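First comes the structure, then the notes that go with it.
By written order: A, B and C. Residues from 1 in each chain.
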Amino acid sequence: MIFKQFRYEPLFQASYLLGCSRAREGFVVDPIADLGTDHYVLEAADQGLDVVGVLETHVHADFVSCARELAEMTGASHYLHEAAEGLVRYEFTPLADGQTLTVGQVDVKAIHTPGHTPEHTCFLVTDRARTDEPWAVLTGDSLFVGDVGRPDLLVGDEVLDVFSETERAELQFRSIHERLFTLPEHVEVFPNHYGGSTCGGVNMSGKASSTIWFEKRFNLALSQPDVAAFDDFVRETAKPFPESYQWIKSYNLGLITKDELQGAMRT
Amino acid sequence: MNAAEVAAAVDEGAVVLDLRPPRPFATGHLPGALTMQFNRADLGDRAELQLPQGIRLVVHAEPEPIAKVAVEILGEEGFEVLGHLEGGLAAWREAGHPTETLPLIDVDELHDELDRYTVVDAREGFEHRHGHVPGAVLFPPGDAWERADELPAGTPLAVVCGDQTRSAYVASVLRRRDRDAVLVMGGMVDWLERGFETERTAAPAA
Amino acid sequence: MQITEDKVLDARGLLCPMPVVKAGKEIKTLEPGQVLKVLATDRGSVADMPAWAEDTGNELLEWHEENGVFVYFVRKLASED
């Protein structure tokens, strides 16, 4: 299996290229426009992989995604969880909870983990060339190393924010406990953010990977006894909102164009 | 360069270098195109070892960012690169130009039909000596362009190497020279994995 | 048997024939008896490396695949004279 994590340090953002070298096919997860489509295309080519799927854990609010452009450039499908239907204004290929995408001997299974956003989905990776046991989970903005994805990023549009902040905190707490912490403990955790990212709280580690074993025991937010305590803890340890997040989210949802986004960011 | 410009350049003797993977190349490519596998790490080194000097190149690679990087890499290596085909194979076809194919077989097919083929071993002498498909003719890629006419026309040639990286290049050279070449996917690594027989020949006396 | 290498050549990401070409250059910098560890991702290396070792009079001690990387241990036997 080929597995590469790309870190864009200015935004503490991690994206991924993974695939099967024998099958010569791979997926890109959460590509960031600051690295650009060319970066992913060239990295995939260096590894001898054709990009057949561009996956996103959720519609991002803190960085501009290049998933649509990358999918178009490579002819790959652009995947989001089906709950994004009605939220985004463009065509994409919907994923159902539990659905598995496969390239060669590599399986990527969607695990729906609403909380940070309603459509948020983690991707469980298995390399059947080694074993049928899952090996890693790409956790997006749900479970971070040492922290959790904040449940309070509103776009400010009633139509789009289908849950209140308290509801999303509860969903986040339950999604992680019930759907991620029930995975085999050896499974490695690869998040979408780390370190100084404002998508999580002050306890977010600068280390960009962990394990379920470690986070179950030492993640402070998730060690809170119940949802109410978790909600309080997350509020108390929150960081400032990501810069321009409403504009970025609007662009990533397809509500505004790149030009409109750039115009807004300039002012 | 658009399709018309590429076609004109080819008419004037430019050679298309197709950097897509073997399967898309096999399915359809510009007539007479040579093929190599793209990467950033050593495309320049491999091109320098294999491609003939003095030819003028047009790059075909998809998606487009790969073509642009390849043009740079080859230029830095000292090749004369006229440009790359914008819009790729789709643009070429839309402009009404024909394409050619390269037949692919695997080692099982080669093994089953071994007497039908002349096997061309696109590796170096020491690799061929270490063990080759019975009857395989040594044909290193660095000499392929110069020696293509030494191989017979009108009879099927099955080209092998370690996997299919070098053999794809040699097969494309042979097809450009109207040889009936087919590419053996998986090469000697697959052949050995299957446990098929190989033969060794002694090194020629110095 | 635990093999300790004297030098490591990282040829991951290189395509054939480059791993063997680089191994050939690198082994010249070793003394007879020393061990070169070569890492390669190119599948063709599985056939090239043993052939190269034999041809250059070096000993391929061991090779294996781990996580998609082919690892070769080559002991230099003779110097190039």
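Criterion: contacts are C-beta pairs under 8 Å (C-beta built on N, C-alpha and C of every residue); 3 or more make two chains touch, one makes a residue touch a chain.
Note that the structure is predicted; figures quoted are calculated from it, not measured.
Trainee: If you tally the C-beta contacts for A-B and for A-C, which one comes out higher?
Mentor: Looking at contacts between chains, A-B has the larger number.
Trainee: From the centre of subunit C, which chain's CA centre is farthest?
Mentor: The chain lying farthest from subunit C is A.
Trainee: Taking each chain's centre as the mean position of its Cα atoms, how many Å separate subunit B from subunit C?
Mentor: Chain centres of subunit B and subunit C, defined by C-alpha means, are spaced 26 Å apart.
Trainee: Could you work out how far the Cα centre of subunit A sits from that of subunit C, in whole Å?
Mentor: 40
Trainee: Quick check: what residues of subunit A touch more than one other chain, meaning two or more?
Mentor: Residues 46 of subunit A touch two or more partner chains.
Trainee: What residues in subunit B touch two or more of the other chains?
Mentor: Residues 37, 39, 41.
Trainee: Check each residue of subunit C and list the ones that touch at least two other chains.
Mentor: In subunit C, residues 13, 43 touch at least two other chains, as defined above.
Trainee: Can you name the residues of subunit C that touch subunit A in the complex?
Mentor: For subunit C paired with subunit A, touching residues are 13, 41, 43, 67-68.
Trainee: In the complex of these two chains, what residues of subunit A are touching subunit C?
Mentor: 1-2, 21, 46-47, 130
Trainee: Spell out the residues on subunit B that touch subunit C in their complex, using ranges where they run on.
Mentor: 37, 39, 41-42, 45-46, 49, 123-124, 126-127, 129-131, 161-163, 165-166, 187-189, 192
Trainee: Which residues of subunit B touch subunit A in the complex?
Mentor: Result: residues 21, 23, 37-41, 63-66, 69 of subunit B touch subunit A.
Trainee: Quick one: which bits of subunit A touch subunit B in the complex? Just the residue numbers, please.
Mentor: These residues of subunit A touch subunit B: 24, 37-38, 41-42, 45-46, 48, 50, 73-74.
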